[in-house]
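Going by the order they are written in, the chains are A, B, C, D, E and F; count residues from 1 in each one.
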Amino acid sequence: MSHNDLQPAFKIAEVVAGLRLAREDWRRSQHRTREPGGRELPSSEVLAEILRQLRGILFPMRLGPPDLRQRSEDFYIGYTLDQALNALLPQVKLELGHTLRYAHLSPHEIELRSHQIVQAFAVELPVIRRLLDSDVLAAYRGDPAAHSVDEVLLCYPGVLAVTYHRIAHVLYLLGASLLARMIAEIAHGQTGIDIHPGAAIGPGFFIDHGTGVVIGETAVIGRNVRLYQAVTLGAKSFPTDGDGQLKKGLPRHPRVEDDVVIYAGATILGQVTVGQGSTIGGNVWLTHSVAPGSHISQAHTRENGELLDA
Amino acid sequence: MSHNDLQPAFKIAEVVAGLRLAREDWRRSQHRTREPGGRELPSSEVLAEILRQLRGILFPMRLGPPDLRQRSEDFYIGYTLDQALNALLPQVKLELGHTLRYAHLSPHEIELRSHQIVQAFAVELPVIRRLLDSDVLAAYRGDPAAHSVDEVLLCYPGVLAVTYHRIAHVLYLLGASLLARMIAEIAHGQTGIDIHPGAAIGPGFFIDHGTGVVIGETAVIGRNVRLYQAVTLGAKSFPTDGDGQLKKGLPRHPRVEDDVVIYAGATILGQVTVGQGSTIGGNVWLTHSVAPGSHISQAHTRENGELLDA
Amino acid sequence: MSHNDLQPAFKIAEVVAGLRLAREDWRRSQHRTREPGGRELPSSEVLAEILRQLRGILFPMRLGPPDLRQRSEDFYIGYTLDQALNALLPQVKLELGHTLRYAHLSPHEIELRSHQIVQAFAVELPVIRRLLDSDVLAAYRGDPAAHSVDEVLLCYPGVLAVTYHRIAHVLYLLGASLLARMIAEIAHGQTGIDIHPGAAIGPGFFIDHGTGVVIGETAVIGRNVRLYQAVTLGAKSFPTDGDGQLKKGLPRHPRVEDDVVIYAGATILGQVTVGQGSTIGGNVWLTHSVAPGSHISQAHTRENGELLDA
Amino acid sequence: MSHNDLQPAFKIAEVVAGLRLAREDWRRSQHRTREPGGRELPSSEVLAEILRQLRGILFPMRLGPPDLRQRSEDFYIGYTLDQALNALLPQVKLELGHTLRYAHLSPHEIELRSHQIVQAFAVELPVIRRLLDSDVLAAYRGDPAAHSVDEVLLCYPGVLAVTYHRIAHVLYLLGASLLARMIAEIAHGQTGIDIHPGAAIGPGFFIDHGTGVVIGETAVIGRNVRLYQAVTLGAKSFPTDGDGQLKKGLPRHPRVEDDVVIYAGATILGQVTVGQGSTIGGNVWLTHSVAPGSHISQAHTRENGELLDA
Amino acid sequence: MSHNDLQPAFKIAEVVAGLRLAREDWRRSQHRTREPGGRELPSSEVLAEILRQLRGILFPMRLGPPDLRQRSEDFYIGYTLDQALNALLPQVKLELGHTLRYAHLSPHEIELRSHQIVQAFAVELPVIRRLLDSDVLAAYRGDPAAHSVDEVLLCYPGVLAVTYHRIAHVLYLLGASLLARMIAEIAHGQTGIDIHPGAAIGPGFFIDHGTGVVIGETAVIGRNVRLYQAVTLGAKSFPTDGDGQLKKGLPRHPRVEDDVVIYAGATILGQVTVGQGSTIGGNVWLTHSVAPGSHISQAHTRENGELLDA
Amino acid sequence: MSHNDLQPAFKIAEVVAGLRLAREDWRRSQHRTREPGGRELPSSEVLAEILRQLRGILFPMRLGPPDLRQRSEDFYIGYTLDQALNALLPQVKLELGHTLRYAHLSPHEIELRSHQIVQAFAVELPVIRRLLDSDVLAAYRGDPAAHSVDEVLLCYPGVLAVTYHRIAHVLYLLGASLLARMIAEIAHGQTGIDIHPGAAIGPGFFIDHGTGVVIGETAVIGRNVRLYQAVTLGAKSFPTDGDGQLKKGLPRHPRVEDDVVIYAGATILGQVTVGQGSTIGGNVWLTHSVAPGSHISQAHTRENGELLDA
């Protein structure tokens, strides 16, 4: 068998046909007719670039371009902001075009709504910056290993995750929930911290280490709350409707009040409240509300009773 | 001390010599003679690009290039598939050349086997697409936060991990287990979900959140199984041979039957079976088999007995 | 409303002004006067590229460029090392300029110290290579799924994390602790393994799977230690000074002696010692020292008493 | 004077203001009101990429991507063509929007015309390929230094210039004369051959060496014509209208009939005809028509009379 | 002979040694001692990028980024200008460090002079813009093929060459003559138009087609001058000093007064003056001054006497 | 007509079919059967990158990477040379596979010959460097506008063209004439200087300005020859064989002896000899040999007789 006999063996045309059949079956099952337009969905790559720009806009001298000087900050921010918003606009249009495809909106109405969303988003950026400043201070004050506020901003995955969350949350509130979710997953992929963009989080929020943290869609978190790795603020069970379909969007996650600390591995499930100033110990499994000022810990952290030294 | 005095200080030549000695010691210890050829091992960067192409091939209008139109789907898929397979072929040859280096195969035999692997891989792509469609539907149906099947495909790290797993598993079965493992680690790095490519997973598989999930090499998972973050399907202990060396490749992981749900943080170890339709609660530690229809939960999730309110 | 009416709506200038106010408030609150210089902080992007170069320098035929041949290894290493050190130098200067900004050092003194750090770092590279060889062997011997030492080097996130840690630890000891921390977070982002660069780790170290591992700044780990995913070597509580400020840098993490194995999910907190040859079981919560040769496991892993089959 | 004294010296804001004044003066002088839209003109960079794609489409196995195989030619061409046409469409719209900005066309009409132009352009591509095949053969037959038709296609600047001209000429005829001109200048920049896209050129056209060739807008060239470097087919004088403004677009360049050869440096000016089968010698200056079969040469090439050997 | 026998054949080390000997001979012959510093000379790649930025700064809506909008022009210009000047500064320092290496300047003095040059350069940019506007108008008015001033700016190589010349000329006057020359050669490479940066050129300058134009260092050109391709404004002979070395920098090129037109291929040599309003015909060879209002043409363009029709 | 009606209008499939027919006609006319392999011809892009590397290898501190230091020159050269030769090898194989496709060589023989060519090429690099040093000195000594040898190397297109020519000429002599020709055209495109790689050129060669220079395949040029722009060393007529086909490869271009100067625009045609030390004036048209020491000029440069001042 010669080299030439081998080469043509990849059955490209057959595989292309097989994939076409699979797509057609899917589209039929999803009641999607063949449409002439281009790609229908936003792009994570585009969003990642917009996020890179927004981080520079929010913290120009620390996360902006290496050759930036203070005298040119506003020029840099103005131009980069214009780029970022112009890049965001078609992504918003793609989302609205997709999610509202059964709403019979005209292209002009989608254009108009998209503009309003981007415009409203831009106005929130100074607010986001001030919130993030409070988060950076909280992290610096809460971690004995932190040497400076700048180290915190540069290094801490918790700060990165909260930066992206605060951006995503604004988009979520403005109705661009798919973009918001995509941004949350970009943060999740980079940090292992999974915050649903619907979660409402007060200022001075700090997550240390962070890998494995999960915060659900309807969670509400107060001021100056601190979380460690692998903390879950989740739902307990999912109500279904008469057809056995999940009911979507109902409140189902914890409310964490101001000044709460939740240690690594703690799991808090359902629409419970953790009262102001409480401390939840490591690995605690909590499915009921606790009063303000509570200190909850797992038995074995106190007694070590079940540790068997063999 | 002038600027010029400082500059030449990096002792490049000495460090180069020190590194050469370290490499020579390693090669001697591993009985590797000096060979004239080029890099001997596959490249993660090349695989990552192939994966990017395969995701576009599998879901052209959702994960393909932004300017794609339905009228050109087949052109895009055919050309990209040709590129991807031509890029995969030398990687397979590198793996076979490496893993079979003591098998005294001729270059032609390695070429021939590599072609067969790539060819067989290509033919599986439509099957993979159909399996992934079932996974996407399962995710959409299982998560109250999901608004559309498209959001699931774009955002969910569990779907990304399963996509890469299904690709890696085919390569694993075809004998390219190093490439398969490299692909699994690319997925692990992006999602925090660590599925060994040897694991056999049925259709309709959904992992929510996912960070910290570990699924071992010989795990077997049925249809419509759902997992949450930090679930481990691991091995209990590793048998060793007479020389104290680990015996490699033996079955040592759980079998999970159809319609099982395993909640966050559960750990299931060893060659146990989780019977059809069972539910394993959060943080459960399970090292024996459970019958179909079982509902297993940790004591404290029921009684909260060990939660001490201090 | 026409297309043209929509376009100018993004209020760039207003947002620029709002962001300027937020920055000025921050700088005032942090007592930072307006300075004419450029960006003050090191760059993660530059460090990531330096790390890419260093991995190639350390393992040229396995992680270096695809077209490298053994006959040219030293040329490649010498040139790439020169590039990497020249790129590292300005990053060290940025760190020293930042952290020593109240120390009234002359630019020449900063230049001199930076040179000394980079020079001392370079000399450690052969040592790092030999340590990493021991880590690779430990991983190969410890995992029944590993087929070759090369697979371990290419695929295992634990090996990647330890590679970056060993680099970061040298920089930490040399006084470039911000760069060290940034490198640690690059590794954390890629692997989910969070090792503080201050941790001292002996040869033959292996972390399997790894997602969720946290190792604190003052942890000390002996020879041939093996860890699994989600293991925490953390601090128990943070002492504060008279003003309620955290005291920074005190020893507060575990000491793990030679030949210890710590299974997934175990949490070890505080300045405790795990004696040589001990085994710590999965999910164990440990806050006291254990003697050499101990086998610690959680009760339920022995008795399953609290698993309720409903 | 310290480093810090130097840094802020670049007067960015002043220069920005000076440039703004200059732009405003220009816009006023050109009666251009301030408009809210984006960049108004096509992009040479985009056109250069489209040309790169078109060359691959026209000659896939010789100028296409290195990894292309014949079995995938049509996939490659179909997908690349779709990309190229989708990239061309907005460029055509930019041109029409610019050149027809006083014609009060609706956006829809511009969209419609642009589609028609791109569609008509695409249909011409097979015709262009056949013409270029005739040009390649003519070059191969006309140059004793050419070893193969493939060398001609890969190396000859004359072939590159004619490839771009045939593309530009189709766009010129379809009404996209600005894009056509931009393409001609891309060719001019790469080859030193300046062919106005309006020139009509028959099959079998060959320019050897080519640097300095200029062919004017209304030139007409027959079949199998051969030109050497620095040949000019230019206009003699430019008629002006009553206001002293140049009259634009009138025929003013030579007609060169079939089978003519024009040697290096010859200059032919005005609406003259070079009859079929004529030969025009090097450096000849010609401003009248010559009959078919003429052999024109400069005196000194025959007599060398004015060469003075000092 | 096996594959492995072939591979090591490239004698890298020998060639490296041969090249080292050649460099050492060169450095010895040029009296250059071995120095520890980095690359000593400016970079054409860096200059090309700076030129790309400057073209956008000068004509933002026509040559700037595609997504620019008028509302953000000043942000874009301010930020890009800051980048361009910061990139230019080290290039100026490299030039001064090189050309003044025997002048025993301190690094601080070179830094200071470099700042002054860059600062003075920036201030000239609005002047350059206004001159270029006059050039664009001249081109539009002078070419019957031009449809709009914008087409002229986008397409005409003469306009590109003059843009780069006006930038280079300012740098030449400020003492950065090596950078100026490098810029001139970038323009020459792109357009075939070779203008020495020393040449002084008035407003309203237009070169049509342009390939082969050469304008010498000490040429002086008035207002509203028009040139065609292959025109030379050169030197007649080079005076040498007593040692037979060329005397460098003396005036030796033509002076062209206002409103002169010089047709293609004309050669004007030496320190002659072409009086105001003169016309120099195609291919004319001129080595003496001509009075204002002269119309010079070659005999054969009038009489065709030496054209022999064979 | 709606937006959607417009979109599908590009008739991709029809154009693809039309292009396929055109290719099939071409292949039939060229007697090329359908073959399964990949692209058959070398790549200009790859060659351009190799040339970039070779320039750095030849002149590391002046044309190499900006961050290079003398202490690392040999590391840089060794590694880059290895890269360049490894990149050149497959290009040589592509050429030999193409040009020798009727010679029935085995793949192994082509591999062997290709290795020999690359090996022999590498050995010539120090020779090329020394020749180029002589060229740089000649340029510096011959141009009153040159301020330093380094300016000459950085800026002069003549030096770039000769650099590429000396590389191409070695490949031409070694039998890789297609690659040689492609390199010559890369130089031609960048400089407007068209030197056939077959031309034999002695040391100390200098071309000033250069645009429009053409030097033919069988030209022979001695030591210390100087040329100006638009000089042609061409062939007079092309002998044909009995079938009217051009005879390829016969000597047909001028021989220029040592120390000759040829001024701008001179045309020298045929197998004539320009004797040692001669000067050929601007625009001279020369088709016979001239004795050593001749000074040839065109009549009008002496008498201006035919310049008519109208």
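One rule holds in what follows: a residue touches a chain if its C-beta (ideal position, glycine included) is under 8 Å from a C-beta of that chain, and two chains touch if they have at least 3 such contacts.
This one's a predicted model, so the numbers in the text were calculated from it and none came from an experiment.
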Exercise for the section: Report back the single chain whose CA centre is most distant from the CA centre of subunit B. Expected result: E
Exercise for the section: Weigh D-F against A-D on C-beta contact pairs and write down the one with more. Expected result: D-F
Practice task
Take the average of all CA coordinates in subunit C, do the same for subunit F, and state the distance between these two points in whole angstrom.
Solution key: 53
Handout entry: Distance between chain centroids, defined by C-alpha means - subunit A, subunit C (Å)
Key = 24
Practice task
Specify, in ascending order, the residues of subunit F that touch 2 or more different other chains.
Solution key: 3, 7-8, 10, 12, 16, 35-37, 65, 67-69, 71-72, 74-75, 77-78, 81-82, 192, 211-212, 230, 265, 283, 298, 300
Fill in the blank from the handout: Contacts from subunit E onto subunit C in the complex sit at residues 7-8, 10, 12, 16, 69, 71-72, 75, 86
Fill in the blank from the handout: The answer for subunit D against subunit F in the complex is residues 57-58, 60-62, 64-71, 73-74, 77-78, 81-82, 85, 111-112, 115, 118-119, 122-123, 125-126, 129-130, 133, 141-151, 154-157, 190-192, 209, 211-212, 229-230, 264-265, 282-283, 298, 300-301, 304-310
Fill in the blank from the handout: Within their complex, subunit E touches subunit F through residues 1, 3, 6, 9-16, 18-23, 25-26, 29-30, 34-44, 46, 98-99, 177-178, 181-182, 184-185, 188-189, 192, 194, 196, 198, 211-212, 214, 216-217, 230, 232, 234-235, 238, 245-250, 252, 265, 267, 269, 283-288, 290, 294-300, 302
Problem - Contacting residues of subunit E [partner subunit A, same complex] - result: 65, 67-69, 71-72, 74-83, 86-87
